[in-house]
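Here it is, the structure, as structure tokens.
Lettered A, B, C and D in written order, each chain numbered from 1.
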Amino acid sequence: MSGNTFGKLFTVTTFGESHGPALGAIVDGCPPGLPLSEADLQHDLDRRRPGSSRHTTQRKEPDQVRILSGVFEGKTTGTSIGLLIENTDQRSNDYSKIKEQFRPAHADYTYHHKYGHRDYRGGGRSSARETAMRVAAGAIAKKYLAAQGVQIRGYMSQLGPIKIDFKQWESVGQNAFFCPDPERVAELEAYMDQLRRDQDSVGAEITVIAEGVPVGLGEPVFDRLDADLAHGLMSINAVKGVEIGAGFGCVAQRGSEHRDEMTPEGFLSNHAGGVLGGISSGQPIVARLALKPTSSITTPGRSIDIHGQAVEVITKGRHDPCVGIRATPIAEAMMAITLLDHWLRHRGQNGEVSVDTPRLTQR
Amino acid sequence: MSGNTFGKLFTVTTFGESHGPALGAIVDGCPPGLPLSEADLQHDLDRRRPGSSRHTTQRKEPDQVRILSGVFEGKTTGTSIGLLIENTDQRSNDYSKIKEQFRPAHADYTYHHKYGHRDYRGGGRSSARETAMRVAAGAIAKKYLAAQGVQIRGYMSQLGPIKIDFKQWESVGQNAFFCPDPERVAELEAYMDQLRRDQDSVGAEITVIAEGVPVGLGEPVFDRLDADLAHGLMSINAVKGVEIGAGFGCVAQRGSEHRDEMTPEGFLSNHAGGVLGGISSGQPIVARLALKPTSSITTPGRSIDIHGQAVEVITKGRHDPCVGIRATPIAEAMMAITLLDHWLRHRGQNGEVSVDTPRLTQR
Amino acid sequence: MSGNTFGKLFTVTTFGESHGPALGAIVDGCPPGLPLSEADLQHDLDRRRPGSSRHTTQRKEPDQVRILSGVFEGKTTGTSIGLLIENTDQRSNDYSKIKEQFRPAHADYTYHHKYGHRDYRGGGRSSARETAMRVAAGAIAKKYLAAQGVQIRGYMSQLGPIKIDFKQWESVGQNAFFCPDPERVAELEAYMDQLRRDQDSVGAEITVIAEGVPVGLGEPVFDRLDADLAHGLMSINAVKGVEIGAGFGCVAQRGSEHRDEMTPEGFLSNHAGGVLGGISSGQPIVARLALKPTSSITTPGRSIDIHGQAVEVITKGRHDPCVGIRATPIAEAMMAITLLDHWLRHRGQNGEVSVDTPRLTQR
Amino acid sequence: MSGNTFGKLFTVTTFGESHGPALGAIVDGCPPGLPLSEADLQHDLDRRRPGSSRHTTQRKEPDQVRILSGVFEGKTTGTSIGLLIENTDQRSNDYSKIKEQFRPAHADYTYHHKYGHRDYRGGGRSSARETAMRVAAGAIAKKYLAAQGVQIRGYMSQLGPIKIDFKQWESVGQNAFFCPDPERVAELEAYMDQLRRDQDSVGAEITVIAEGVPVGLGEPVFDRLDADLAHGLMSINAVKGVEIGAGFGCVAQRGSEHRDEMTPEGFLSNHAGGVLGGISSGQPIVARLALKPTSSITTPGRSIDIHGQAVEVITKGRHDPCVGIRATPIAEAMMAITLLDHWLRHRGQNGEVSVDTPRLTQR
């Protein structure tokens, strides 16, 4: 368990470096009998894929996934599922500089000191390229959950200083930003174009929502559903904050305002974000995550080299000016993996998950 | 692993209900040879103890901890450490109402549906009383880390609408709020007094900081140090959000601002909160957590009973009007446990943690 | 996970030294709604208890277990179950010798070098006293499994050179040896009496059988049911060998003999011991374990002290001349814990365990 | 954790079916800086490879392994290591019979009932082909341990009724049986030839020995070194029994005989097999495992089909008449993985493994 596995019963273990030959994952614990094909995984991989708009890295990766085991005649067998994506566009750049210099706010410095020896090409293991396997594995979880009536969707709720109110799910798939308001897309485009001219990057906030989750998922006291969600979401590259429901907004709330009152017809609000005492309440599970601006910018920055000498660093190469733009499918994947893991854990201890419990969703 | 264990190498497993005979924990994986006595644990337990000011629950619990194993002649032996605290003030109230009614925003509703059968007295396992054992176990981790030069401290950074800037550590231990600014204490007192008159509760924000952490702790990609911190902190009762470093503030930041530049003398800022690529950078680790207002208020609220009928609920009993007030030692404990776990995990894979690596802390 | 936890979904974590104040365990993952009282645990504890015949150690321990959490109004709640047994007869012997000398074939030598600092009184953590908590936890698993029709029973199948054929279950509870043949008990008594006169000890073999196990328990490839059974049984003090079904006897078997042929009415044999491909077949699960002779004998032996000097060691105190005599309940407990863990793991991934699958037990 | 992962800190997770496109593994937790190439893994893979003599299956698999991550410029980086072997000789046989019939003593019956849907071609996941990835992963562990002075070697100690005394390590690599006595090889050849004429199969016993293991590896009480070894070895296909040291022979031993006395110059015997109280003693670790005769024989056997009807089964195809013949490298691999995992676990809790502790190996 040295850090490359997520989950307890439904587990995802990954490998792969940015510029190595391939990325891979082993998904263990998937229930048998689930119809599954590579196309099921490819859909989300394509949503995350680099190079699909001018606002993301221009690296061209088809991210074509192969299922190498665990599926037979179109259905899962319950045995471990091997996944593989070959890297095809790992350019042989000149890495002589990056090899000896620490880019500010990158993992270069910490990997160097932790491991002594590291693959510095393109960030190696610390590259966000690793998240492709999360998306592939998450697609399996999504498919299982969808068959149980659980739908997991995300959108961009803030780009830099621009807050985006939710309008409609239809919009999310129709622009490069996962923006839920079609009328704001032009503004985002303009902002990104200016940012590129400024040779800078910016942060973003993603909101992920799971609807149709039955009452009862989550294991107190340490493996609360929200705690494991926080673990999964915070483990995504560049994430610096996670909120459930009202999140940091609850600090200034009073109890009489925050508490979600219940009536026989349903909850009257959802400040809890669908989790009470660490257990799903049947309301939509709402999480938000903050992604920092990538540090790979061409504006020079002060840094040091491996000998401790001062250097000026300019990060060239193909980089996302806002890593948050492609983060929505990754966040959905981590939520799906977490929910399926807890679904199976609940079923293990308590028996079949009751999808018939009357769910008091918000009126 | 049904949820009552935290950690991989340094593990804490707990049991105990609010109104049961005792709370307990087993701490496994503590390095041998650490000087340890019950007094070491009692200090933090006393900081968290209820009933020590008029702003917290009036339940009187000495929270006297006993070490039942794993310590011999004043030093840890490397075997599992058994801890026990007997409950002494679990009043035999009339629970006939709470037994059949769901208090809004409590775990009543979700425990009922998850388990079918629950100890409803005082919230049972979902009570914050459980956190006493986190504090006891955390004190062990703190003591080990302190001997390595790591200091973990927290303070209240916001009470309801009142933001509190950090002034001095000395102040934190001198008031009931863990307030780091002695000049603001009177304001907090007044706010709480008014809140009690309003029969309401309020949220709070706690900041926890670890200083002296060496470079290199954290296991990419899923068990990043910040991801495990998020897991640990979000698992504390009432927490709805966790931030590392700039947290949600990074959304509106540009890369040129967020990136912490380095010079031979040190980092020029700490927006990263001491974690880069999931690995500690040697800078102070800074985390913030948002605690919701407790829902145990005497203002009537709409709810339902176990038969689905509408009821009006008033939560009487002895409750904290702001659970955040006593949360600082708990947050410190979870950070200490997480750091020690990662210390041992790092040492396992990589060999001795280098405390000699030049740490570029913030100038 | 530093070694004091067993199981993945149904987990048992223990603490306690031979001469410390108490032994304890936390049982996590027990399904809710199981009727459970201390009397349910006491039965097996009494079967294992020392001092109940002249053939076991004369230490007098009531081994009275308390349930401190996880049970409410007579039924489990699904939360963690705290168990505690206070040590009452830990005599304050003179340990000055044992402190500095390594008893041959004891854990003294290895604990000393592993941990540097150890509780040497009565063997500390390495004492078989620790197994009391296994028996208490196992009784919970047994009770759950019994309600599903699974019965777990063991007996002594060999005492030193004396092989004992199975005759009847009734006999097992009627003598101090767990001997399944009432006509052999006198022989065992005589053997033990002579052994004591010889100031020596002897090994034993225990057979444990689980009947009524449904088809399907066990997780290939590493967590096969038989592999986890081997783990659990080999972890019992003094065990040096574990067999499933034909065990080492299968080495000399031919495939035509070993393979258990099937007919519509049932299997024609059970050389597999109820496990095929790591998964329960519905036949009785049969395991055997070999326990070494205790090394705590009063015949002098050559050894060294902590300074590496030669010493002559005589182990006085209250010891079992055959630790195998009290091992049957412990072996049953480990089998029960393993089976329940796999029951829950199966249910987690695959849904409810089918107890209706036609079981082709041996004709 | 659904069964396809082994280890706690040094973990091996595998996937792959007999007739799928590929086998794979992710090795996590390998210390950084270890020189490693595919050639290091290929050596043991070739020792295990099918088709290398007339006494094993005639399936032709080059078992060419690729390292896809975790190694950079010839050294491990500390990140997860992806391994892949493509299946090349999975013939498209006619599986219409095997699809509906349960071969006696195979996993067909249990997989069918556990999962409902299974890859029946060549045994699917239950095929011993899976063990190739154990060998590849084990080679990594072996290489690390070898650099620390630990040598792990195995040999066949019994083939069917033929017991083989150990003579010399040189012989083991010079015959198809891993036979340690060159003078017995002809006898084994003749036995196997007769067995093939008999259309039958036979069991075998393998002995594995680790020399140079420092004092102190193993985590009491459940994760004793011998318990984890038993887990690992029993998880190998066809294994029905595991012994440490004297094993079942200790049942008839007396304490005065079994206890390994110590002198300043060393232990006087090694009945314990190098493990005391679950912790390595510095003596050679000795384990034996019993492998059953494969059930894939061409002698007709009685069985049933998936409808419960009686059928006569003849298992054609390419099978090993004695799976034990190729089992030695697999057993070595599981011992190496277990030892390295415990090495890292020890180092995590206790600090650097002391290889300087005077080892009292057997005189």
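Methods note: a residue touches a chain if its C-beta (ideal position, glycine included) is under 8 Å from a C-beta of that chain, and two chains touch if they have at least 3 such contacts.
The structure displayed is predicted, hence computed values, not measured ones.
Think of each touching pair as a link: the shortest run of links from subunit B to subunit D has 1 of them.
Of the two chain pairs examined here, A-C and C-D, the one linked by more C-beta pairs in contact is C-D. Centroids built from CA atoms put subunit D at 26 Å from subunit C. Measuring from the averaged C-alpha position of subunit A to that of subunit D gives a distance of 38 Å. Centroids of subunit A and subunit C (each the mean of its C-alpha atoms) stand 45 Å apart.
Touching of two or more other chains is recorded for residues 1-5, 8-9, 14, 29, 32, 78-79, 114-115, 125, 220, 345, 349-350 of subunit B. Partner subunit C is touched in their complex by these residues of subunit D: 1-6, 8, 14, 102, 104-107, 109-111, 113-115, 125-126, 130, 158, 160-161, 195, 198, 200-205, 215-216, 218-224, 226-235, 239-264, 268, 271-273, 276-281, 290-297, 299, 301-304, 308-310, 324, 345-346, 349-350, 354, 357-358, 360. Taken together, the subunit A residues at the contact with subunit C in this complex read 1, 8-9, 29-32, 78-79, 220, 344-345, 347-352. Residue ranges of subunit B in contact with subunit C, taken from their complex: 1-5, 8-11, 13-17, 20-24, 26, 28-29, 32-33, 66, 68-70, 72-73, 75-82, 84, 114-119, 124-125.
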